[in-house]
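Every chain is named by a letter (A, B, C and D) in the order it is written, and numbering of its residues begins at 1.
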Amino acid sequence: MKLPLKITSSNITILATVLLFISLYGTGSAMFDSFFSIQVFLNLFVDNAFLIIVATGLAFVIVTGGIDLSVASLIALVSVLSAVMLRAGIHPFVVMPSVLLLGTIFGLLQGYLICRFHIHPWIVTLGGMFLARGTCFLISPESIVIDNPIYSAISNFRIPMPGEGSISIGVVIALVTVAAAVYISRYTAFGRNVYAIGGNEKSSELMGLPVYATKLAVYTLSGFCSALSGIVFTFYMLSGYGLHLMGGEMDAIAACVIGGILLTGGFGYFIGPMLGVLSAGVIQTMIMFQGSLSSWWTKIVIGFLLFAFIALQRVIVSRRERKRNPHMPKKTKSSVPNIVQL
Amino acid sequence: MPFMSMFPNAIRSKLFWPAVGIALILVFNALFTPGFFHIRMQDGHLFGSLIDILNRGTPILIIALGMTLVIAKEGIDISVGSVLAIAASLAAFLLQKHVPFALALLAGLGIGVVCGYWNGLLVAKLKIQPMIATLILLTVGRGIAQLISGGKIITISDKAYRFVGGGYLFGVPFAVILAIVVFVVLHVITRKTAFGLFLESVGANRISSEFAGINATRIMISVYVICGFCAALAGIIVSSNITGADSNNAGLWFELDAILAVVIGGTSMRGGRFYLGGTVLGALFIQTLTTTIYTLGVPSESVMVVKAIVIILVSLVQSDVLREMLSRTFSKKMEKKVLVNETAA
Amino acid sequence: GAKTSETTTASTAPQATKAAAKAGDGKVTVGFSQIGAESGWRGAETQSIQDTAKADPTIELKFSDAQQKQENQIKAIRSFIAQKVDVIAMAPVVETGWEAVLKEAKDAKIPVILVDRGIDKKNEDLYTSFIGSDFIVEGQNAAKAMAEHLGDKGNIVELEGTVGASAATDRKKGFDDEMKNHPNIKIVKSQSGDFNRATGKQVMEAILKSPEGKDIQGVYAHNDDMALGAIQALEEAGKKPGSDVKIVSIDGIKEAFEAVKAGKLNTVVECNPLLGPQLFQAAKDLKAGKQLPKWIKSNEDVFTGQKAIDALPNRKY
Amino acid sequence: MQQHVLTMTGVSKFFPGVKALTNVDFQLRRGEIHALMGQNGAGKSTLIKVLTGVYEKDHGIVALNGQIVHIKSPKDAQALGISTVYQEVNLCPNLSVSENLFIGRQPRKRGGSIDWPLLNAKAEELMGRLSIGLDVSKPLSEFSVAIQQMVAIARAVDISSGLLILDEPTSSLDQQEVKELFRIMRKLKDEGMAIVFVTHFMDQVYEVSDRITVLRNGELVGEYLTEDLPRIELISKMIGREWNDEEQQSKVVGMKKGEVWVSAQQLGRRGSMEPFDITVRKGEVLGLAGLLGSGRTEIAKLIFGIDKADEGALTIDNDKIRTMFPKKAIEYGLAFCPEERKVEGIIGELTVRENIVLALQAKRGILHNLSLRKQQEIADHYIKLLSIKASSMEQRIDQLSGGNQQKAILARWLATNPKLLILDEPTRGIDVGSKAEIRKLILSLAAEGMTILMITSEWEEMVGCCDRIMVLRDRQIIGELAGNEIGEQRIMQMIAEGGGKNDAVHEHVS
């Protein structure tokens, strides 16, 4: 197996992200006591597990060159539906598969509109976003508490980690999702087709790849991941509410981009979204530890840290790109004498 | 359709469907909302639902016009709502500090230009992806607006400023006249100079355009600047209209409506060809829908669902594929008829 | 009253809790998780809390803005726990979903004070105290005022807050409940104006042009901003807000009082955001080992007519 | 009849305003190489796309091995054993070479997951069969068009079972690669494969094909055995009128002694071009000769300011220019017709008219808008001059046939009325008739005093046009030929010998 251990144009963003993440974490540890603790680090996962899942699913869509704006609303819808179903006394192990199925179908329908009628994904998924949110409010404008014992138990369950820390079930699901995504993207035909379509959809079509089916699958997968994320989120929140995760789609997209996934499609590693989420999480944690910023300064500082992060990333990446010799000898030299024989 | 025949084919087909959409909603209103079309003079100005649609539609319309150019360049600007809030807050803040109206107005518009320039730099020079580049200003901008206003709503008492968004000229809302001016100016810039051609060419293929001697960077920056300016102008109109600059809520989620208007108007998110006229119709369509929803008193909970369904229906109707599918089934029937006739003869 | 008690708490508190032992300098560290900065009202609340903390050297405030997101608040509380603050305070963005994280706080033996919004009743044991007003009561008060203005009869419009927000739901609930006692008053339209002025105005405009909107005598707005927007819409439609159409709103920002003075708004039901002093007093009391009441009510009032005009010079926000 | 692998009968395809194919018949036998010939826009690519399901045909029947088939997508075509190299390189630039070769049919491990080591090994072996050694794990975009073309061919060859279609595969290949390709084609033919081959190179047609079908204006002219159809007659059939070799106007021999107009002093760019000196005299036709990747395009890009030089200087008309950029170059009267027409040339979504006036408009500046009437005049003029085949000037340029797109780009630059015209592979994908016309045009432009810098892989063309030739190898200028020295043999010799000492440099650069 030839893992991309050398620095190439495609993994440089990831490396830059990791580098910046480490330095941010270092800065935080230097600035605040108790920042450098296992639990603060693990909390990055605990608090963002759902975001990791949804961003990873979204990444598939983005790599094909599409977008899915409905993800966060779908999570909210899943939370509301779960809450309502649980309140109605339906067993959790019925609730979970049914919301998963619902999310998947939701994604499938969006994908169908996009692929079959060539409507731009922005529009379809924007519609999907409104629809999911609106449905939440139709079901219940108020937030609904979940007091199902099984849900509470799962929610409160902590897996102890070495060194005085613990993680939640959600983290495990998130890590499994990321691992699965990395595997799918690299070791299955579907995964490779996703990249091909992002590289050049028309070429993929001409090469005889199942473009239609793949795109459909990608939106379906995104719907599935949103629903899965919705379940994890519901564990995390133990409530269903239509206003949950307002604007969360932007967080997910930003995580993908920070993690080196190109919005124009075709490039990026599936470990990236998770790194993106963690990076955004560190920024947020630093601001919380700082603890004296007013509301507006919080926004300004988050924005500028985001800017600094992305700008630095760009600088590192373009530096490397310039350094790399862009021109290779395109031919083996043996061809030269042959020509003379001609 | 004599109005439509004024335009070349491509434009006509782009304008057609949003126009039909608007017409459908209006017909719906004609049937179910008595008095929707009633326009009367009141205190020397026009008054009625249709005027409201125009009046309320202007901020989104102006932003969408700027957004059209950005999208034509294969970009996107999701920071417009925040820019709007900054411009409104700054202008209102200055007025509160007794800065003359003209200066405050200039400062408001100027900050919009600066914001646009910033976005343009990030996208064109630093080559950050447009959505993320403008996401930064989306976040920071709202914070800056709140910083300027201290998180409060700044009340505006300046008469001249109030006129911008709330006044009437010859009985027509002044904001509507402003929107028309913006449209005409942008139309002239893009169609009477080579800007439009360059923009479409950069949007469709940046590399080729640069090979042909077009300064793509400058074009890209200028569209963001124009978009920033439009957002700022919309901010002034919005704040003037409610005689207060609301840094927290002004322009929230405007970017979604604006982008929607652009796309309904036939401009592709993939860049290239753009249709300012289509955007106008798109924006009016969205506003007609919104006003109708409010007038009908659709329960607050279901507003979003209604909007979602309408959006999807409109884009379905606009889809070439669906039209082709329909026309094919139609022509097949025709073919059969011809065959039948032939055998009969 | 904060000034007088400060010396006593400072001297008696040190060994009271584990966290204080760590801090060792006698300071009370309070972590406050604010919802966001979505309205002037909340801005005033934030201001009050930050100003009070700044003016008091024995207080150390860890402020965190959640940007309207519950998950951010949960993260903030986790980070407060990690930082081992003395007291956690928060204005919860929603009522539900706090069980897990508040339990963590409880396990870490950090008391929790809720500010201006409550949480689900079932979790009462998870927090120590609630400081604030009651939205349902506000709604009821607004309804009573409205009934009085209208002489118990007429058509009214209700401008709701953001769909799903607890302030909107409760203010509606309180209002509607009370209106059951006034059967001759009809709510002909009820629409969301998103708690902001522009939407409030736009919704009001549309309502005025709808068939039901032709004959209305009252407008009830869930907050002042929407009421101010509605006033403009009414004026543009040639109606006289305040006399033709009675207006009642909640919150009590300065501009609303000015509108009352101008005769355009009839009643303002106050919802006091200046909770800083009450909050820190409670925090100090907790550290001093005192028992606190479960509900510390904020000082609030209903202002109509001359009473509002008299109160106007003292309004801070 | 049963040896017919493929029969297409009465195939028609209409685009809005264009009859791309009307009632065309086409037969293909087992074990033959069948050349599909015709002028630009004759409908060759369309026929192929109809066959492989890219376009839906309006009429006609397609039968494979005697059975009527309905091919709805390239996927169907592949499933039926038809594999195709389309005219425009159609691969995914973001994927590695090896993946491009095997995507859709990757080797699997036992668990079902993709076996990357095996995939890379197979890819290396496959490219090796075409005598191309390269790092197959690198993204395709890092390689030149030629390599990309070879990869596309390799993929098609490897997939095909029964029927292989190659639409202008040789347009960006050099002779060595073409030879290699032909060897493989012959081998496949011997194995019983049927091959459709489209090209504008007459020599290649006669070298490799067994049978020729000629299309003209979307209609079938006829099917012939290659040996029965003399070259002249083939051309006449393609263009629809008599053709004689005298039309191949030749240059006026004798070195022009114009003054030096453009010169570069130690102009270079790290990592892409060694510093070089070059002088261009007014009114001459200067050629840059070299193998693929020898740096000819780099010189052109540096002069035109698309790549920024990081050392040296450029002098035009005695003005010393430190930083060059395209707009400035155009103002100095330079024009650059790039080689990669799809990415660097056409602007697909715009119309033919807009594409033609673009550079002129850029030269005039944003404010001096050309009126629509003026634009139409210009477009009309050049469409006629270069006989560009388009249904109207308002047709989208990406709907034109490849050769006609190339002509439109040429028109774009001629419209700026340049003093120095840089042509990078100007006749790539252009049919014989037009090629002769373009050559004629180049010579007449030169005669009128325009200076031309020409890059072409067709040395015959270069020899026929140029007054002076600079020879490049490994990103360095290694020599110069002028006047009577110019000849194909001389150039090859120079490339083979001249650079011996440069091998070390070569290592250094890469």
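Assume contacts are C-beta pairs under 8 Å (C-beta built on N, C-alpha and C of every residue); 3 or more make two chains touch, one makes a residue touch a chain.
Just so it is clear, the model here is predicted, and its values are computed rather than measured.
Common neighbours of chain A and chain C under the contact definition above: B.
Across the two candidate interfaces, B-D and A-B, the one carrying more C-beta contacts is A-B. When each chain is reduced to the average of its Cα atoms, D sits farthest from chain A.
Each chain gets a centre from the mean of its Cα atoms; for chain B and chain D, those two points are 43 Å apart.
In whole angstrom, the spacing between the mean C-alpha positions of chain A and chain B is 30. Chain B and chain C, compared by their mean Cα positions, are separated by 35 Å. The centroid of the Cα atoms in chain A and the matching centroid in chain D are 42 Å apart.
Those residues of chain C in touch with two or more other chains are numbered 37, 43, 46, 163. Annotation for chain B: residues 146, 151, 300-301, 303 touch two or more other chains. Annotation for chain D: no residues touch two or more other chains.
Every pair of chains meeting the contact definition is listed here: A-B, A-C, A-D, B-C, B-D.
Every residue of chain A that touches chain D in the complex is listed here, in rising order: 1-2, 9-10, 183, 186-189, 192-193, 195-196, 198-200, 202-210, 266-267, 325-340, 342. Per the touch definition, chain B reaches chain C in the complex via residues 33-36, 42-43, 47-49, 52, 56, 146, 150-153, 155, 166, 238, 241-244, 246, 248-250, 252, 290-291, 294-297, 299-301, 303. The touching residues of chain D, counted against chain B in their complex, run 306, 325-327, 329-330, 336, 338, 343-350, 354, 357-359, 361-370, 412. The residues of chain D lying in touch with chain A in their complex are 54, 73-75, 77-79, 84, 86, 90-95, 99, 103-104, 106, 112-114, 116-117, 120, 131-134, 137, 139, 142-144, 146-147, 155, 174-177, 271-272, 291-293, 298, 474-475, 492-493, 495-496, 503, 506, 509-510. Chain B meets chain D in the complex at residues 192-195, 197-198, 200-201, 204-205, 207-215, 272-273.
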